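Shared between the two complexes below is chain A, which has chain B as its partner in the first and chain C in the second.
Take a look at the complex of A and B:
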């Protein structure tokens, strides 16, 4: 936020090419739009920190199991010392009540949590884009019907409906949890994209495309949608974090991912019963969730600033 | 409500009033909005009714005592109105619901509204205190951070709000329980009163407050995070306005400018946001109440879900939607009343 505010104070040309005056003429080259956005993002240290942490986290969850060869589901109840152990060299994250290694479980659970967050975001944004684009582009009764459906989903407090749906239909498999969460994450995207479409469809470039014979489908997805990409990307990034939280809440209350599949949420749910004996069982997955969601939020805000420097401080 | 971060992002654009010129009187605007809300609520109730009845293990198969005779079972089905086809059941339910009769709870056999009425005071106590607590802190933090950008308060606020939106509520609750109840023994871990004691009125009050602190703090963190950040951004806008400079030039003291000129304008949008959030009271704070065994409506919802008490679930789903819609309307009206520049379209 710091940098982007300085940018909005400086003149427009300087914002696009900050070092233009100092660069010798032969080397001068205009940066592409993507490059400008990338450079702007890289100057936002908290956002870069979030992105870097996420990369490390993905390596931890997806490459980690190849280095840490411990089966996350190996039960070891024969030795009392092996159950509910505090972090040590043999078990860096400790063990749970049946002696399973928490580091291996954190990796496996992280895979589930991240995949649930990412896939439910993708499906949610997909549905939201389709509904928002149709509503904003066609207007009229299509808009009315689609927006009323959106209102219905938005009118009931999220967790009440999520709990009911999960209790009724969820079999505890990650796929089902993804679908249920995705079903509730399209509403804001739909409203956002509808708004963008309403504004963009009146612009000259859309009319120009129409005059050279582009059909509606092409207008919507080749001409208007790329121009609405900024807000969608920001919304998508923040939505991953939100969906990871939702998943953990569902799993904590027993409506989400069920054993034998584990996620960070289920790990907390198991550890909760032993909270007073061994708080690590809750602290470690809890901090992992927190750090992950925080990173997605920081990155999302950084992307927002980079994509739209005039909308800062909001 | 323990709202998801999605709400937090969208708070900035919750302002469905369009500023369009042909001005409509407020009465007509309100009537039109109410007329729009009716089909919406009907749709919600149809959707919820269908959901509840199509659920595997729906009310039709609810675990009546398996030893019941066929005749007794049929009698039960009549009592709970399960012998009609689903659309007829819906119409009957709707007719009764409109007169405030939501049927009988499967588990306690009491009228649903009576059960909800028993639970409402606890939720109101928790929600009300959390809202007031959050409002005080959010205003303090938001105003100072907005006026003094990049000060310590500003950075504190940013940190707090990132914490607030990045940590699931149940984690706040668990960590709070561990730190303040298990480790430090300062506060009771759960419940609304100490069980098994008969206390003098004053002691009972102190005991209640003692139990309230932890859940209230947990619930208010989200509100503080959302509201203070919202207030900060409106404050930044307001401080830049010309009338602020004019007021200062006239010789109004800095505090006077802040209180009389800046705050009054910056708080207007916050009123609408707070109203919107208060609308979620009917759903209760499912997560907070369940973790702290707080006997409010959120916990009732969770318990009813576990027990498959469908009449209660259905009533709570539709009532909470009704509250959300009603408070949405109230927020819009308040916004127009407080800020005369807003036109009703």
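Take a look at the complex of A and C:
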């Protein structure tokens, strides 16, 4: 480096412009918490793949019927060619034993499966959060009573009880199935949230919130609950997958959504008897369930990593 | 209203543990006037923080237990008050700042929300009103661009700034009393002075009385009007700040002051300490708790001296039988110190001798072993 270069570098007038420009860039780089989590999630390609598939699936199930104008319940047994047909241009997913279009049924069944999965998850997480929060925050006998109730629900063989209950109460409507599934899906969430509350209630910011006069309700739901949001969200996504499977199992055995309403589980059940003639009847809804649950789990894993506060990597 | 804003009388706070009861605070009395700054000083574990938590009635349950005494705040006993009234007092009339600002702010709430929370609880302000007040509070505690920073999260603030936010939170509802539990211990030295100055300035502006809990005598000197020296859950001495530095009358206060390193001291001089360790509060010794470490101790110290006014000043009280300004007592203490030092030297020398001897013996078989292995 010669003398003239050194001189030009030490000239203050020239330095000042780029320096300021850089500072503004640095200031802008300060991202919000949500943005950091989003960026972290987007770097996890499998999770993004799962999320993308789910978006496509939602479009398929909820927008699809407006493009594919075929009634999923229209029976067509007059032409032999129209029953148990292989996938073709007129019926991309084929038809079943009474000539119903499988593509239209997959869409309608997907709607039922997704709605049942999501709503039962919401109700389940709601119950679980309430019970877990009360148990973890108050401790003592409240904790004991609530957790023993949870243990009891967990100890019951799930499917057996579901079969009995849905045989007794279910009118085959999706609402009833949602409630029945939700009633048995809150237990893990409750345990998880209790654990989170047990740890978080000892944190100093809770004590600090007490010193400004916050009451227990405010402490629980304004201060502690948002700090437990990460695990709850992860648990929720995993629960959707589990609940979709539960719904399919119930429907497969004829205890869930009743025909003629379609659901992926009932589709497999009807296709089951014709497996040697037309395996597509089982494969297609089976693959849809498989891919949906897998996608929810992948997304849940991705969210768990993205929401983990101890992952300090940008 | 009486003469005092806060009167702590014979406060006893015990903790139940398996081995018995820990007498964390054992008969503490002091009082705070409106607008006065009082320092609570003492070494770790002497009950300073437990006193503060007792005032806020936030002792950890179920271990913490109020065993006696009363805390009168504006002539109402905080200890017998229903919890709902106590919630009105917390944050509304008494604010508190904690030691570590890194963990005391909720990471999921913006600082604006956290400051305005107290306003919304106590003053029932609307969203906009609370936000406007939060901005002006942030401005008052010296955070630049307050209207922008109001929507930042705590992790976007440095330690000193978080402590400023804590101060804004504690003072949001203009409380009568601020309890500051070692507010600068977790901070960088360069920031400590700023924060102390801020607490001083803001409390002066608001007319807030301060209880400053600290073990830093420098903080006490600059920040308080009066000092309460605590040891093992008891008050040892209390006096106006200038008086306690100029004329300490309790052996423990003497020891505390002597152990502050001085800039003008000779370089190689050893730091002065108070010999021994604080007593086990599970089984406190009968009488004066400082007696086992006290050079001035006499037989009379086996009964606990009451906290009595020193002749000449009603403001200056001490709990000690001995008059430490008496030359004959000082000579006695000096003799005891020297005797203790001498016995310590002797013990050390004896210990060194035994270790070197056993060391010599140990080396012989060691070498033999090595030789064997190599062979």
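As a convention for this text, the second predicted complex is superposed on the first by the 280 of 314 C-alpha atoms of A that agree within 3 Å, B and C clash if a C-alpha of one lies under 4 Å from a C-alpha of the other, contacts with A are read in each partner's own complex, and residues count from 1 in each chain.
To be clear about the criterion, a contact is a pair of C-beta atoms (placed from the backbone, for glycine too) under 8 Å apart; a residue touches a chain by one contact, two chains touch by 3 or more.
Here the structure is a predicted model, which means the values were calculated and not measured.
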Side-by-side fit of chain B and chain C on chain A, or clash: fit
Comparison of chain B and chain C by chain A residues contacted: B
Chain B versus chain C as contact partner of A:207, first or second or both or neither: second
First (chain B), second (chain C), both or neither touched by A:294: first
Which of chain B and chain C A:245 touches, first, second, both or neither: first
Partner chain(s) touched by A:185 [first = chain B, second = chain C, both, neither]: first
Contacts of A:136 with chain B and chain C, given as first, second, both or neither: neither
Three-chain overlay, closest Cα atoms of chain B and chain C, distance in Å: 10
Contact residues of chain A, present in both the chain B and the chain C interface: none
Contacting residues of chain A [partner chain C, same complex]: 30, 32-33, 203-205, 207-215, 218, 222-223, 226-227, 229, 309
Footprint of chain A on chain C - complex, ascending: 56, 58, 87-92, 95-96, 98, 100, 103-109, 117-118, 121-122, 153, 155-156, 166, 169-170, 172
Partner chain A, residues of chain B touching it in the complex: 1-6, 9-10, 12, 39-41, 43-44, 47-48, 51-52, 55-57, 150, 162-163, 165-171, 174-175, 177-178, 182, 233, 236, 280, 283, 286-287, 290, 301-302, 305, 313, 316-317, 320-321, 324-325
Chain A - residues contacting chain B, complex: 2, 148, 151-152, 155-161, 163-165, 167-169, 185, 188, 191, 235, 238-239, 241-242, 245-246, 248-249, 252-253, 268, 272, 275-276, 279, 282-283, 286, 289-290, 293-294, 297-298, 313-314
